[in-house]
Amino acid sequence: MELPVPPDVVRAAYAELVVTDLAEARRFYVDLLGFAVSAESDTALYLRGYDELIHHNLILRAGPEAAAARLAYRVRTAADLDRAEAFFAALGSRTARVPAGVTPGVGEAVRAEDPLGFTVEFFFEADWAERLQQRYDLRRGAEPARLDHFNIVVSDVRAAYEYYTSLGFGLSETIEDDQTLYAAWMFRKQTVHDMAFTGGDGPRLHHLGFFTHESHQVLRICDILGSRHAEAHIERGPGRHGVSNAFYVYLRDPDGHRVELYTSDYYTGDPGHPVLRWSVRDPRRRDFWGHPVVPSWYSEASTVLDLDGRPCPLLARQQTAEQAAEVGADGYTRLSAEPLDRQLAR
Amino acid sequence: MELPVPPDVVRAAYAELVVTDLAEARRFYVDLLGFAVSAESDTALYLRGYDELIHHNLILRAGPEAAAARLAYRVRTAADLDRAEAFFAALGSRTARVPAGVTPGVGEAVRAEDPLGFTVEFFFEADWAERLQQRYDLRRGAEPARLDHFNIVVSDVRAAYEYYTSLGFGLSETIEDDQTLYAAWMFRKQTVHDMAFTGGDGPRLHHLGFFTHESHQVLRICDILGSRHAEAHIERGPGRHGVSNAFYVYLRDPDGHRVELYTSDYYTGDPGHPVLRWSVRDPRRRDFWGHPVVPSWYSEASTVLDLDGRPCPLLARQQTAEQAAEVGADGYTRLSAEPLDRQLAR
Amino acid sequence: MELPVPPDVVRAAYAELVVTDLAEARRFYVDLLGFAVSAESDTALYLRGYDELIHHNLILRAGPEAAAARLAYRVRTAADLDRAEAFFAALGSRTARVPAGVTPGVGEAVRAEDPLGFTVEFFFEADWAERLQQRYDLRRGAEPARLDHFNIVVSDVRAAYEYYTSLGFGLSETIEDDQTLYAAWMFRKQTVHDMAFTGGDGPRLHHLGFFTHESHQVLRICDILGSRHAEAHIERGPGRHGVSNAFYVYLRDPDGHRVELYTSDYYTGDPGHPVLRWSVRDPRRRDFWGHPVVPSWYSEASTVLDLDGRPCPLLARQQTAEQAAEVGADGYTRLSAEPLDRQLAR
Amino acid sequence: MELPVPPDVVRAAYAELVVTDLAEARRFYVDLLGFAVSAESDTALYLRGYDELIHHNLILRAGPEAAAARLAYRVRTAADLDRAEAFFAALGSRTARVPAGVTPGVGEAVRAEDPLGFTVEFFFEADWAERLQQRYDLRRGAEPARLDHFNIVVSDVRAAYEYYTSLGFGLSETIEDDQTLYAAWMFRKQTVHDMAFTGGDGPRLHHLGFFTHESHQVLRICDILGSRHAEAHIERGPGRHGVSNAFYVYLRDPDGHRVELYTSDYYTGDPGHPVLRWSVRDPRRRDFWGHPVVPSWYSEASTVLDLDGRPCPLLARQQTAEQAAEVGADGYTRLSAEPLDRQLAR
């Protein structure tokens, strides 16, 4: 099938999460992590990073069940809304026009239930936010600068890769072996990714990645969480990713939504940017320092909602496909079983 | 005049500098600053940063007089070479086609003497370089990651701004007052700039800016230079720029060419990215911490060469226009003259 | 003269500064710099760093004229108070016993007008403060950890060195030439110094040095001051000291008192620790990166008070002795006068 | 029993490790970790950190079986050698005088088989080493600054604590519950420790701790090891210790000897420094971010040698005493078993 011209996506712009306790979520995202508040009501919070110039990167909306309501992309022109609508219609996806004013700070938008089962939004108009990038006096917590990327759990990584390719995304890195594409990182803006896919029962939201400028900011949020005896929010890391080369930590919010703080990836804006392909057997792909990934990171993720706000049913997949393919994914057991000198000789 | 469609510039890609002692230049750029060597001959060195994926960001060519030979941009497609040729022909600029193979690592190119008096180059094809971004074991010095931008001295900043606008560059920041545009920062890739203009006797190259990932890398190169009693290479900084918000240091190479190490600016890729305009009277515009700019930074710069390799004559301008406009540009004198409590009360 | 056994000084513990506007001083030290408040009244603030385990490192007391009231050392035992009294009596210094309870958080103390003209205090008993070193959630500003050292202006550096030697201090570094001792750094705790001497019209307090853990904390306070357009508080730096090897910045408080934020010096606790002697002609001694010292740093300092709270008269000295001895102390002028290549060839 | 006056220990000064492949050990300690070489022969390497002013912090000696030969303390005066001899004689320990010249760079020494089963050495005279603290141009790897501490495995932590108390060490922190002292940190120099005890089958050497100045140096060595695909050398961390508040990583050398890189603890030099007591049930005590300790860290350690160079037999202890006492020591299992919201609500 020949698809229509896709909308010209600029970047991952914001996500809306449903949280079960808005006050608790505010304590986590604003008081601890340090997000700037662009707007708030009794039922929703609109947050952005310190470098962000549009209205928000994250909407937290109160609801009865924790979920990820939608993932929103900014597009290059107003005409891209029509392109988005036509593109998803051609895919057989259900779409909806959302008038300006429905979402504070954002103009007219097109939403669609994409072929992977996620509700995605495309918008062009956005209110500019006050520049805070040089308000060092206001910075707190992890000093998040801007949304960097989405990471989603999909039951078929190759299908996700092909769909996002049709949407005009470039490929920066993969985890694979001869048979299988285990994970892929894809971009529109000139970084490693705006979107990445993790294999598992999907559709679910794996995490939202927020950019910080330096690694000491990633360490700092962990120290703050320890100070408040809130260290259970730290799920994985800090560490260096093999993929993307970024320094990271994964946190879980009070509802279990996963947030990554992420710094120091690389420029991907050149034409023909070459793909970096990691073997699923390289223990450095997920953590450049060789530490095993904690099991919850592979198994747990956020429910996503359809256009009507109903949870999307999951398509099963052997969740541990990448884990099963790993040499020594069980990590610590292996370290005790095998004599150290043999490990070190590898 | 209606100009033809300009070439689609991707980014500032490399510069060629003429140095009078190639061995001395190698010690500075490779042994001290830590650039990776992509190729070298008896008469030239081809260097790149650790993140760079094309062949080089900097050519050092041995010659009798120090100069900046050309500034090269990568373009999006091979067809952009023709566009570049037509664009500069329409401007009345002298141009030249350079066949593939003339410059190692770079394909066919179009060169032009641009309206500001600089020799610029446009190329599409480039050899991919070995990825070094995860070769932390090889890193040295300032660990330069990639070329970030050019900064040029021009006698008419507004004319430079208008010419680069016609070439498709966006504007991120300015220094100005009601009458005068003192400096401007313009971009193609999604950072604060690929090119900036400093007012003065032009055309001259003010500096080449190289990106590093974290501020401790900027501090480190200063410490290394102190260790070698080579601290005279440090001209200005380290400091925080008001413009761009980046953390910086300016070094002078053995021939006096100026190199900036630069980290932590911000994303500019959104449509309609808003311009940040600094008053020439804000002492934080050049240094966010209010330190005066050293006089040599305003007055000294590198001679540039025409297409035939001859030095371009200078168009005079009151070099100190921005300095003269400053409140307290003389810095230290003022600090002694005015009682501290009155200063602090400002 | 055979002096009695001196008191066993543990370390520089706190200073009392008189400030003319306590609310303004609170904004500077607490809101901006981030000191923890141990106690406060209408007329005084008791502040400490995050690592400090005694009651305070700094007393800010409201008064009509800015001054440094006293410098206080903690001693090893209660018996050292008697030793202090006898020691200063033998020196012919006026002394006073201060009962416990006069200074909040500190027990009985002995004060003396020392031979250099400073009011110094010795105390043993101190209230323990709540540990904040792992309260990362409370940290702000420069995150000062503890008082590191005093630096005083004295008209005779050699006399000051000899007196502090008699008080049991060790010598870590000097600035000197064949004839003159320009500056000296002396210690009791196992760091580069608890006390240092700068030559000039004395007695005056040059600065209080506070320790922070990492260099990014020194950069951060500068960024915060820039954010608040309070950059005039930044007098000198950030930079790397040649002497001590520490990374530093000098700030001026709203009354002009000078505060240094200081990190990364070295261990000096071994017996026979060797002295590091810097030539006054090495431009790296004061700034390892070769930047000239701003003139105010040499000329301005805080008035000190005697035991009765009256300003001490100054003993004149050619204030610019070290400056005059410098090669190129005038810094920027020299840089323009001498061709760069000749400088770089030095 | 009334013990004689103990030697006045200044600090942990150096350790001698037996390694099975000296070339391999050199690659690890010198080429990767970045230690400075003070001296070397066919059978031994003498290494120091960049800040160190005595001859060495680490001797690597070639031998048939990996082991820790001895732990050496510097004492305050030559007379402390006699005190050491008398002290250990009174304890019934076997001792030996070692003439100057036996160990390069170190003068006469007294060695003893201490009551815990370790060979310890006391020396006063030492050759001064060239200052490298400002040779930033030479720094590599983790840029170790100096030896910070020893950590030993002992079968009876309380007995170890009491013996080191008799040797004049102060106590900074503990891990304990109502019945048991699980671990203790003890100091002579003004840091958290020169020596710490981990409960388990002893005597064994748990690790040598080396100080670095900033946390980015700890991250860097991990990145370097990843770059060389030598990430199996990284056993635990990087992380923040609850105990000591230091930022750390544990590496295993090619023979399995454990090395810690350690930064940012705190000053302990005041009289009556208060002990910080951690509950064994606080998951932050070993890692402030709550990450479980890898099992090998509790179970594996280096054999120690007696005065004759023979391996010391182990006294068994339930190695996992601290682990067994932990709530959730099994870490990852628990994280999957318990719903996240309940964990986060703790």
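Note that the chains take the letters A, B, C and D in the order they are written out, and that residue 1 is the start of every chain.
Keep this in mind: a contact is a pair of C-beta atoms (placed from the backbone, for glycine too) under 8 Å apart; a residue touches a chain by one contact, two chains touch by 3 or more.
Note that the structure is predicted; figures quoted are calculated from it, not measured.
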Quickly list, by label, the chains bordering both subunit C and subunit D.
A, B
Report the inter-centroid distance (CA atoms only) between subunit A and subunit D in whole Å.
41
Gap in Å, rounded to a whole number, between the CA centres of subunit B and subunit A:
34
Between subunit B and subunit D, centroid-to-centroid distance (C-alpha), Å:
49
Of all residues in subunit A, which are in touch with two or more distinct other chains?
134, 214-216, 223, 226, 242, 288
Name the graph shape formed by the protein chains and their touching pairs; answer line, ring, star, complete or other.
complete
Quick one: which bits of subunit D touch subunit C in the complex? Just the residue numbers, please.
10-11, 51, 53-54, 74, 76-77, 124, 128, 131, 133-134, 145-146, 189-190, 213-215, 242, 245, 264, 266-267, 269-271, 273-274, 276, 288
Tell me, which parts of subunit A touch subunit D in their complex?
215-216, 219, 222-223, 225-226, 229-235, 238, 240, 242, 247, 252, 254-256, 283-284, 288-291, 294-296, 299-300, 332, 335-336, 340-341, 343-344, 346
Quick one: in the complex, what on subunit C touches subunit A?
32, 134-138, 214, 216, 220, 223-224, 226-228
